[in-house]
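Common to both upcoming complexes is chain A, partnered first by chain B, then by chain C.
And now, the complex of A and B:
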């Protein structure tokens, strides 16, 4: 037997009911689960940073730069799972060169570039420009020139220059908020606009994606912020943690409400896809949806965070709780993406049966590749924190 | 030239420039939104406009169409990639629907339900619907899949990036990522044959004339005659894909 087809012959044995013959293998694998997941983390982390800047929330200040750098590190990797999943990865640039105007996916390149180049890069640059100048004066050796290049020749340090940095930075943040909404709402649209798939086709999809993105981004910043303090052996700032926890709680409520609304709507409408979808939810997605997404990723964090709004246990307990919650929420949102992407392909468009998904270990779309693209952003973040240490920034 | 005419010609020039720039700006801003109207475009031109008719009452489930398609188009000889296949529908007395398509019907069918439990049973040949409002073409990010002027939906495998969005968008499960080419693959209505005036392989091989292929604009043609004489339906009409694959005697149970 051709080894290429071994897994498919195996899958053929595990088909339940009837599926169209071409549906045996899932076209979109774990890498496409990661793509909206990572993009969501970017949008969410950025929105947290913007909340701080636009609404001047004092308690969130220590997380501002960390949020931006986290968003940037993940944004650099966001397209990689998508590209490495392509049948012809080396042709990916065709999306940029000859985008097809009716395709939702074709616009991604432009939304992405707008966000990366215009919003995030510029915002970070204006935030750091003054520090680049100072560091280029203080540092010795190669680093002196690295920071000098990073100033792009804008060496002014007068009050007026600083005012301009702040002004433009603020303007970019204001532009950046709708951009972050656009970036992730748009990712939801890629799925929500597929009318052939009843599990995806929902006008709620972009909104749900957006709020779950905010939830995951806030949880990621909480995780990274606590991790950085732990590694640097610094005391965790409790008002900051409480404040992030409070926002996470609010957004999680909205997210859960929207997702519940979507499901209630499906159940009450109970159209022709209802039977197969209810079998999907109670069967193949029971673990990933019922346990991981809803219980671990939503209900437990909601309960604990809700409790903290009324009753605050000792700092030590809250600290541990926040750290665990951040991991739970991050896991829950990952499984939300899983349930959308993988779940939407497990049942046949004939509505008569199911196929299975076996995540391979190696290979182009295996577990290792997926893990690789999840670890890389943390490496980039570590490098950024070394190159642009927020704790060495001049307060201005 | 006096001062007055010079002023007026300058004004005229400025007006023209402003109009052109403004027009260009407005059209460049609104152009991308044409994309939103993709699903309501109308076919253009007067040439042949191909469609397919399938008479379910005539299909005997021999599977020769599925086999001929694989032979003709280099479709992998495995039981999971098909450009054309046949499904056997069995509706039991208790209302249960059983659908089967072992190896796409190439090896023929056996009936797993005892005769006394069968309410009715029939075969449904499946293939690309060559939609006039094809969702697969709409979503392709690089325009590698397209509709020819004859209404045939094709894939340019030298251009396709293999993202699989078209596979997701097709409501009929007619597309797959070719395991060797790594690009999207589907029924081409044997474009290489029809452009030379030869019928598609699946049509030619059918021993019972269950498949009709023809020009929908030819009012005297065989396909239009078939549509006139039978009550035909398309699959999943609610999808509004403008399907051009018309079935006679299509049961509502068929998806």
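And now, the complex of A and C:
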């Protein structure tokens, strides 16, 4: 038989009930799951750094620079899953040179650039400018010139220069907090504004995305901070870990409450899409939503972190627990994005049928490609930590 | 003005300058002429050769088949849906023969069972079960499929 019909037969095996022909295979794959996930990690890590700077939380200080560098490393990769999802990846820039004001993605390009260039890069630059000058004097060979270029020619090291660095850096942080909210709120908006999809269309979406972003960003910083200490064979700073754990706990509560509110609202409203959505949640999304997102990603971390607020076991146990919690939360938030992106495409607009998503292993939108874009930011982070080691920074 | 700001202003001016140069250089010249798209796209599409000639052109030579087709459920189908575009064929019918589709899959394009298709409008057949050994046109007359061959 003609391979096209073979393919149709195979595809129809994945269909249950009545669906429209263009819904048989999903348009948005795992790469589109990664896009809000990575963007969320960036916004979350940055917000943690900013809160630390604005509210001057002493215990979080060791994570400040690490959070910024982590946010930067992930931000550089945030659009890559989107670009590699395109049919013509090399034409991605066209959206930027002929943007349309009604195109949510075109405007995202500018929100992204604002955040990358005006907020994150500048904040890191002002934090490191003085060190660049010092390193450009101390280092030899190529590195001397690399650091010299990074100073952009601003070589002043006087008290006055340092004061300006701090003042402008602080100002950028203050501008950066709403910018980080905007960046990830906007990603939520992209999904929340799809009015044809009852699983997405909700004004709660930007807020939910934002808080889950903060949860995942804090968990990522916890993971990276512990990882760096482990690799550098340094003792884990328990007050810092406890502090991150405390903030993770608070934000997780807000995130869980907001997501529950959204679900309760759906359940009480019970509009015409409710039946198919409840079948989706109890059927095709049971593992990714019920088990991975809610149980592993939210309830278990909440229980353990909650317990730590009242009862503190030995440092060694807390350390292991924090590490496991960071992985659980990171996994949970990944599946939250999965449930939104993939879940929203699994049921038919007719509200009478389902399709199935089969994640391929290789190929342009397969597991390997997704894994690649998840590993790259860690590589970039390792490079940044080598180029801009926070532990060699001058303490003022 | 602190030196940091001065230097950053230079860098940002360069970056924005490059962006606007790229925007100017790469934006298609006719973009925005009529709307938010490349104006030349309209002329390019206009200049494309029309490849489908329509049932009236077929009727000029094959009027017997066209009128026979009108008696059956395929009445509203253009001939070229199954036989392919006829623009070369009408220029030189002897050299440029049209496709005569005869495989089961050809009929399956429309008639293969598909949950998303309305059974009331297009007859649905499960090609994996229905009379698997034979071609559709062994029994059905393709121009009027409810009439059967002898």
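Convention: the second predicted complex is superposed on the first by the 387 of 396 C-alpha atoms of A that agree within 3 Å, B and C clash if a C-alpha of one lies under 4 Å from a C-alpha of the other, contacts with A are read in each partner's own complex, and residues count from 1 in each chain.
By our rule, contacts are C-beta pairs under 8 Å (C-beta built on N, C-alpha and C of every residue); 3 or more make two chains touch, one makes a residue touch a chain.
All of these numbers come straight from a predicted model, not from anything done at the bench.
**Student:** State whether chain B and chain C clash or fit side by side on chain A once the two structures are superposed.
**Tutor:** In the superposition, chain B runs into chain C.
**Student:** Thinking of the overlay built on chain A, is A:197 touched by chain B (first), by chain C (second), by both, or by neither?
**Tutor:** First partner only, chain B.
**Student:** Given the touch rule stated above, what does A:393 touch, chain B (first), chain C (second), both, or neither?
**Tutor:** After superposing on A, A:393 lies clear of both chain B and chain C.
**Student:** Quick check for you: in the superposed arrangement, does A:246 touch first (chain B), second (chain C), both or neither?
**Tutor:** neither
**Student:** Kindly classify A:161 by the partners it touches after superposition: chain B alone (first), chain C alone (second), both, or neither?
**Tutor:** The second partner, chain C, only.
**Student:** Based on the superposed arrangement, let me know which partner A:153 touches: chain B (first), chain C (second), both, or neither?
**Tutor:** second
**Student:** Residues of chain A touched: more by chain B or chain C?
**Tutor:** Of chain B and chain C, more residues of chain A lie in contact with B.
**Student:** Look at A:117 in the shared chain and tell me whether it touches chain B only, chain C only, both, or neither; answer first, second, both or neither.
**Tutor:** In the superposed model, A:117 contacts chain C only, not chain B.
**Student:** Does the superposition put A:87 against chain B (first), chain C (second), both, or neither?
**Tutor:** first
**Student:** Can A:20 be said to touch chain B (first), chain C (second), both, or neither?
**Tutor:** In the superposition, A:20 contacts both chain B and chain C.
**Student:** Let me test your reading of the model: by the given contact rule, A:95 touches which partner, first (chain B), second (chain C), both or neither?
**Tutor:** Touch partner of A:95: chain B, not chain C.
**Student:** Quick one: which of 43-51, 97-105, 133-141 or 169-177 on chain B sits on top of chain C after the fit?
**Tutor:** After superposing on chain A, the stretch of chain B hitting chain C is 97-105.
**Student:** In the superposed arrangement, what residues of chain A touch both chain B and chain C?
**Tutor:** 2, 4-5, 8, 12, 17-21, 24, 98, 100, 353.
**Student:** What part of chain C is in contact with chain A in the complex they form?
**Tutor:** Touch residues, chain C against chain A: 2-8, 10-11, 15, 22-23, 26-27, 31, 36, 103-105, 108, 112, 114-117, 127-128.
**Student:** Spell out the part of chain A that touches chain B in their complex, as residue ranges.
**Tutor:** 2, 4-5, 8, 12, 17-25, 27-28, 82, 85-88, 91-92, 94-95, 98-108, 190, 194-197, 345, 348-353
**Student:** Taking the touch rule as given, give the residues of chain A at its contact with chain C in the complex, in rising order.
**Tutor:** 1-2, 4-5, 8-9, 12, 15, 17-21, 24, 93, 97-98, 100, 117, 122, 125-126, 129, 152-154, 156, 160-161, 164-165, 168, 353
**Student:** Name, in rising order, each residue of chain B that touches chain A in their complex.
**Tutor:** Listed in rising order, the residues are 31-32, 34-36, 38, 78-82, 85, 87, 97-101, 104, 126, 135, 137-143, 159-165, 167-177, 179, 181-184, 239, 255.
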